[in-house]
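Report on the structure given below.
Chain IDs A, B and C follow the sequence of writing; residue 1 opens each chain.
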Amino acid sequence: MTSRDTIFASIRRSLHVKGDERIRTSIIEERLDRAPKGVIPARAQLDAAGKLALFIEKAEGVQATIARVSSAKEVPGEVARYLRDNNLPAALRMGDDPRLSAMPWKDTALDVSIGRSNGLDLSGITHAETAIAETGTLAILSGHENPTTLNFLPDNHIVVLNASDLVADLESVWARLRKKVGKGEMPRTVNFVTGPSRSGDIEQTILLGAHGPRALHIVVVEG
Amino acid sequence: MSVHPTSHSFKDNASKAIADGSVPRALKNVRQNFIDKRVKAVDALPEFEALRESAREIKNHTLAHLDLYLDRYEQKVKESGGHVHFAVDSAEARSIILDICRKSGARTVTKGKSMISEEIGLNGHLEAAGIVPVETDLGEYIIQLRGETPSHIIAPAVHLTKEQIEKDFRRVHTQLDPNRDLTEKRSLLTEARTMLREKFLAADVGITGANFLIAETGSSVIVTNEGNGDLTQILPRVHIVIASIEKVVPTLEDVSQILRVLARSATGQEMSVYTTFSTGPRRASDVDGPEEYHVVLLDNGRSAMLGTEFQDMLRCIRCAACMNHCPVYHQIGGHAYGWIYPGPMGSVLTPSLIGVDKAGHLPNASTFCGRCESVCPMKIPLPKMMRHWREREFERNLNPAVARYGLGFWAFFAKKPWLYNLSARVAAKAMKLIGRDKGRFQSLPGLGAWTKYRDFAVPEGETFQAQWKRRAGK
Amino acid sequence: MGMPKPANRPKVALFATCLVDFLRPSVGFAAAKLLEKAGCVVEVPSQTCCGQPAFNSGDRRTARDLALQMIEAFEGYDYVVVPSGSCGGMIAKHYPELFEDDPGLSGRAQKLAAKTHELVSFLTDVLGVMAVEAKHAGSCTYHDSCSGFRELGIKRQPRQLLGSVEGLELVELRDSEVCCGFGGTFAVKYGPISDQIVTEKATNVNATGAKTLLAGDLGCLLNIAGKLSRMGSEVEVRHVAEVLADMTDRPSIGKTGASS
């Protein structure tokens, strides 16, 4: 008998079931299929402008900084400004997300390189798939477009978010993702990011920049 | 069992912690930070109570169908290219993990925070095999340097002051300038960040725990604030997830419900900084991420808790709200509990995992004030389950003879009202006679354990029932 | 408000609790006075203990025996009123649990549970008492006992009635909802821990500067009074019923005075 068998037998003995009862199987199939939503806080059930205002309030509340630009063309300029204002080198690492590639980086003096982070980049940029107004949370998917290492290794993490991609709540992220990759499927990594890295492990004092980014800057593209 | 429990000497452990004084001092921060922040976060979400109920229902439903959801979860992990290993006990989990590490030729292993890793005593096992485990959560890193176990399930080094941490860093980080300034908390954090950054990049295998496993997608979920868990799982070639079987939930929607109560109950955050869903190894379209993805599923006695009066404990999501609010934990800290899980959740879980004969003190060391249950996001009736442990101890004659005889003696009288009332009348009058001058006893035969610390009030004289009868008779 | 005719007056059985019976009968008389003033007919059936010490020690059998004794003695009344959230909670919340698996008794346990109330909440929530006729000069602070607060939801009720006491100023106690460290046998089984907890409670009480500490449970009061007295504090400790019934002529708990 394998350990798997032992554990399953023990669970079934404790639950007084055999494991092949059709009614139990149909209950879990139905639940997995329907994925009922449960309680959704009313807080974020707002129109587009309301959602954006709430997202910004929540993200700033967890020490992210926000810039709003009116088109994707303005992102490189904003990023250059951010790095300059924070006395950071004019260098940026990014994946090959077509939305980022299409931006006019050449119009800036930024030294842009493409690929995953090897831990030496001070600043990295990724494009959010969506974001959650309820808590000011970004959702970023893994892939060559936005390598996961860029979310964690650079000291400064810049994220581009299209205001039109913003959703109200966690559950809306899943609805969107299922349309993209199919029900029951997931990208290798889905990162929910709510503010820059922090730790409270020394005398319960919250300090930013524990192991991940010390700063999180969100560029919201409206229109 | 790998970590030697000292729960049987709980009383001594507790007295030492109190006499030492540094524990209650360090824990003052817990009370101000965790408690006040939780209230604020809960008050800001009108749906919090409804979400608690929803979270509870999700776990109850899952536990009732645990075999089926585990089976589905396993199937989905395999479909995504990952491996699933089942471990009946700690020893088996350790050997599975060591085996994976050996096969990948690992020399250094980075680790995200995992209570299951503590439960199975993984670090010692890896070290003995010549593999260096590096804890990367700041608190875990600190206690690893000290050779300690966590004193709190989400703030492992909560019992330490910054002066103690500075001393440990100077002792261990000998390659750094001995004259460096470490008086600020920030400089301690920066030093740990620098030291660990090298380890993250050098590690061959990364081991994390899991807050949830999702049957619908085969994903494992970690919830952290530092980002160490993510660096642990995306940089090495191999990612191993170690989780206990009850961590499974049906769907992404179900996780979302529980996430809403988890961070709020734990740290008072609405969301932790990083909530990460990992599904299998890197894909063809990835340029980073692990090439191998393993999940080790540990039972270690949990399947036997199903269907018993302790099943509700398997709803626990390890938020630590119970210990953050426990007046007993506040005074003695986590180490006094003598094993991996402290506070109220540990007082219920530890006897299940290591035996009530070894951990009998834990469910007794509670005033039943009920504060733990009132803040538990999963509505686990912790005092009720501690009482069930006391019942099992009583049935098995495991509680001290003095307590049994005392209780029996008292019950003998309490079951005979006429005798009880007569004795009470005599005793109250006698005590009044002896103590009337002062109104209080500073020592009292048979009640030394009380009067050692506080005075005992002298009875007013005649009992209430005797006086009432007299009054009614007139 | 005129007194209802005896036939319409609720018949209340007062369960004084063993601690009040033995140590502080004046709390029982204060409770009776408050109930009678509110229009109840008060009786005191022969009683010992609700069984909580046995229940919490894991001795379910003794707990059941004592619970059954209580059910038999108290079930013939309209209400059972207890000047304690702890013992009141035992009957109202835990008796049904004790007899869950006993179809013969579970109905009776549930009926008794449903008509059992803690004193102060009975006055406000069941009888609709909004104010009392009492005077008490000086400042008071209030400790929310665990069972009363968490099992029975008692928080605003004592504050509401204390607000009507002439001359009384209520100063809120820091961490008033935190346990005092009594916990029945816990106080003697785990003395050093209990001592640390009650020391904090007593320190918080002293810090209010209030002249009197009040609470609704004699167990907690004995614990805190004992610690305050050991610390040499002048704070007087009383059951809230004594103040509400205007019966504070007796010395406070653990003190001596002319009237005793």
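Structural remarks
The definition used in the following text is that contacts are C-beta pairs under 8 Å (C-beta built on N, C-alpha and C of every residue); 3 or more make two chains touch, one makes a residue touch a chain.
Computed from a prediction, not measured in an experiment: that's the story for all the values here.
Shown here, the protein chains touch in a chain-like sequence that does not close on itself.
Nearest to the common centre of all protein CA atoms is the CA centroid of chain B. Of all chain pairs, the one linked by the largest number of contacting C-beta pairs is A-B. Chain centres here are Cα means. That of chain B falls 33 Å from that of chain C.
Chain A and chain C have Cα centroids separated by 53 Å.
For the pair chain A and chain B, the distance between C-alpha centroids works out to 29 Å.
Across the complex, chain A meets chain B through its residues 2-4, 6-8, 10-12, 14-17, 19, 24-25, 27-28, 31-32, 35-43, 58, 62, 95, 115-119, 134-137, 142-144, 147-149, 151-153, 169-171, 174, 184-205, 207, 209-213. Residue ranges of chain C in contact with chain B, taken from their complex: 16, 18, 20-29, 32, 44, 46-49, 51, 53-60, 62, 65-66, 69, 73, 97, 146-147, 150-151, 177-179, 181-198, 222-223, 225-227, 229-230, 250-251, 253-257, 260. Those residues of chain B that touch chain C in the complex are listed here as 11, 14-15, 18, 24, 327-328, 330-332, 364-371, 373-374, 384, 387, 389-395, 399, 403, 407, 410-411, 413-418, 420-421, 424, 427-428, 436-440, 442, 447, 449-450, 452-465, 467-468, 472. Residues 26, 29-30, 32-34, 45-47, 50-51, 54, 58, 61, 64-72, 76, 80, 86-88, 92, 136-139, 142, 155-158, 161-162, 165, 185-186, 188-189, 193, 196-197, 200-201, 215-219, 225-228, 230-231, 234-235, 245, 250-254, 256-257, 259-260, 267, 269-283, 285-289, 297, 299, 303-308 of chain B are the ones that touch chain A when the two sit in their complex.
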